[in-house]
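Given below, in the form of structure tokens, are the structures.
Two complexes follow with chain A in common, the first pairing it with chain B and the second with chain C.
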Partner chain A sequence: MSVAQGRWTGVALDHQIQPASSNPVVLNGQALAVWRGEDGPVRVWEDRCPHRGMRLSFGFVRGNTLRCIYHGWAYGADGQCAEIPAHPALAPPKTICANSYPAETRYGIVWTTLGDGASGPPDLGPDEGWEGVRSLFVAASAEAALTALARFDFGAGATTRMLAGDIVEVSFGPELRMLVVVQAMDDERAALHAAAKGARATEERAALAKRLERLRADIEQA
Partner chain B sequence: MTVTTDPVALNEWVPCAWHGQIAIGAALDTMIFGQDIRVERTGDQDYRVTTFGGDSPRELPVQTRYTCVFTTLGDDPRALPEIPEFDEADRRITGCGRVGVNTSPYRIVENFLDMAHFSFIHTDILGAADQTEVLSYRTEHRKDVDEIWAIDCTFYQPAASKAAAGGQLTKYLYRVMSPFSVMLYKNVATDPSRNDAICVFIQPRRETECLAYMPMAIVDEQSTIADIIDFQQSIFLQDRVILENQRPALLPLDPTYELPTRADASSIAYRRWLKAMNIRFGILEKQAA
Partner chain C sequence: MTIRLYDYSLSGSCYKVRLMLGFLGLDYDRVQIDFYPGRQHRSPEFMEINPLGQLPVLEDDGLRLRDAQAILCHLANKHDDSGQWLPRDQARFGPVMMWVMFAGGELMAASAARLHDALGYDLDIEAARAKARAAFRVLDDHLTGREIDGGKWIVGDTPTIADVACFPYVALAGDGGLGHEEYPALRNWMRDFRRLPRFHAMSGIPEFV
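So, the complex of A and B:
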């Protein structure tokens, strides 16, 4: 994989990870369960129950625990197994723990890293005022998606600027900015997550989403 | 993949069709252990199985039992198990066709052995959401027949079978006859002295691509065969969603890779048994640390 293992990548829009839901995400070939309790922050775990390997993205949330759908084993926010329904009186051993990755929400986007997370997600200024536009999934490598994104014509007055290896900022003047983050799923698939900020962000959201759909067509035709 | 070279896997009988699937005079192309085979039905009870593709074609041994057509690529295969219930005159004997499942054969066997998932995957049928406990049971390696058994198993079931009129505490006996076949005996709702016999015989096409056959010998005077098959297939399709979403699909035998609890005693015994026989087909190779 070309994306450095230590780098933080956007893997979802914050508002798309609903309360009490678990969602499948693939990052650099690694299957992840991105879930949120009934309240509180988003968590990113390996998509595999330590018991019998069932994908935790099929799991269900009760309170702030994620339960595996196969046998109902409950995992707390720290990943520790808290309950095994087959043995209600048993305190689960500490060794039974879901494998978790660092997770943080910033700019309306959920970020994670397959590394140790020491560096934190990229700092692109204040976090306030960003709202998710949409996510797109494309049948192309992350490199191809980035190349097409950097060249894409977002319309009159739009300027596109590379902020980091996989983040692009599109500026539509002082009242509207959009971030687009490219997530490598595997060698042939990528996801793009876009968030916008500015006085016109809410009213322009649908129009921006339409342009992103044209971008997807561009990427897949390249 | 190419044809497996694992002598342990090769020396097992596996199903390759169900009796009645192929019209007399017709043939079916399928695969076992990565080897293309052709199953021809030459008469009412007669089949001929040959390899094709790759090396020069050879004819394989064949036998028809328990509603299935079995064959083997091995020179010295383990015998098919004896299941006397299939010879009892008043039993309803049926297969359930075959169901494709994209995972390793061992995941299918383990799911069949597992009572702890009843309340979650077969809710209101084989288990109740508020009665999830798996009481302790025993496992045995019966060395005379080289089979793994789980005995003294009990589980509360809201609708244990097509014939069940209400909830019951079901008693189970589980029996693993080979790496690719497993069965259970469960007490009959209408007659406490008898057990329904339900089998799963697995045809491994490739390491993570299987066809599952479910021959049954059931004590049930009321239900139609179609109803009995429908019940069993509904249950199995609930399991298939799970089976195709376990990661990895290959079975890890390292006991620290997947962490069992007491309810998994039968799975633990099965994995130990597989490890001891040194089977490699469909098994996750040890990962470098």
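So, the complex of A and C:
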């Protein structure tokens, strides 16, 4: 896998990780549970309950705890097991802890890293005003997706430039910009997450989403 | 008035009929058919009830109906005075029927994948999964567009039989080796569906949302 382990990657659109939800994400072959409490930020954990290995993305949220679907063990925001329903009087030992990864929302996109997270997500300017357009999932490697993305025709007047190894900015003039972030799922699958900013971002969202579906077809035909 | 459902607990097609009966608050008798391993749906006795040898079958006041999609249409047509589940206006009727047909057509590839993995059916599993992924993508794209337009159901502002028809085999995808990672709009739609009043679960679809 060519994507460096320490690098931060966009793995979802913030608005699509709804309050009180847990969601499956695959990053570089690693299964993740991306979840949000009834309020508060998105968290990214290994998709595995420390008790019996059940996927935590199958779990459900109560308050700001994520509960495993198998035996209902509840995990707080810090990953510590907070409650074991079959043993209500027991204070769960500190050793029972979900494996968590750094997570941050920026530019309408949820970012994480499988490394230590020291560097933080990429700095592409002010965070304000970005809204998610849509995510795409392609049957192609991240490298193939990036190559097709970099040369895709987004329409008259659009200019595309590479901001980092896996981030492309598409400019449609002063009133509309779009970021497209590429996420390697495994060697054969990739995800693209697009967010837009500018005076025309909201009214153009449906058209941008349709254009991105063309990009998906392009990537898979390459 | 008596409603009788020839039923198999693990069938997604029977489940969509049970869901609809539940949403409409209808009482009914269940006749359990031993689909697996008994293959009772292919017995001479059952072939007299449905010559296609398929579940579900619904009997309602002397009417006998096969095909889950047809049964959903019948139940909403006869028993839903609000008209919510099968809208008759021109803007919604056609689209609802289009997605109901999709549920009985393209989406059944996900059922085939599940029959292979869960019940050992001999079929081309990779072809079934590829067709199921293509169908999931079509519905995920549609629901992404609905979300952009401020909607959350397949057609219109309320759940309809299109949502009921599509829900089971999307939700049961994992039984056929198909994950939900690639379908964020489907995930959010399924969560909304499971939060509906009178929703009930089946094996493979958790009650807790």
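Just so it is clear, the second predicted complex is superposed on the first by the 222 of 222 C-alpha atoms of A that agree within 3 Å, B and C clash if a C-alpha of one lies under 4 Å from a C-alpha of the other, contacts with A are read in each partner's own complex, and residues count from 1 in each chain.
Note that in this section contacts are C-beta pairs under 8 Å (C-beta built on N, C-alpha and C of every residue); 3 or more make two chains touch, one makes a residue touch a chain.
Because the structure is predicted, anything quoted here is derived from the model rather than measured.
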Worksheet item: Looking at the overlay, what does A:R48 touch: chain B (first), chain C (second), both, or neither?
Response: first
Practice prompt. Classify the contacts of A:A144 with the two partner chains as first (chain B alone), second (chain C alone), both, or neither.
Written response: neither
Worksheet item: When the two structures are overlaid on chain A, which partner does A:A82 contact: first (chain B), second (chain C), both, or neither?
Response: neither
Practice prompt. Please work out whether A:F58 is in contact with chain B alone, chain C alone, both, or neither, and reply first, second, both or neither.
Written response: both
Worksheet item: Does the superposition put A:A206 against chain B (first), chain C (second), both, or neither?
Response: second
Worksheet item: Looking at the overlay, what does A:T95 touch: chain B (first), chain C (second), both, or neither?
Response: first
Practice prompt. Identify the partner contact of A:H71: answer first if only chain B is touched, second if only chain C is, both if each is, neither if none is.
Written response: first
Practice prompt. Share the list of chain A residues that count as touching for chain B in one structure and for chain C in the other.
Written response: 58, 69
Fill in: Touch list for chain A against partner chain B, complex
31, 47-48, 50-55, 58, 69-72, 84-88, 90, 92-93, 95-96
Item to complete: Please give the residue numbers of chain B that touch chain A in the complex, ascending.
Response: 110, 114-117, 119-121, 132-134, 242, 245-248, 252, 258-264, 267
Worksheet entry | chain A residues within the chain C interface of the complex | 12-13, 16, 18, 21, 23-26, 58, 60, 67, 69, 134-135, 137, 185, 189, 191, 205-206, 209, 213
Discussion item. Using the touch definition from the top, list the residues of chain C that touch chain A in their complex.
Written reply: 137, 141, 144-145, 148-149, 179-185, 187-188, 191, 206, 208-209
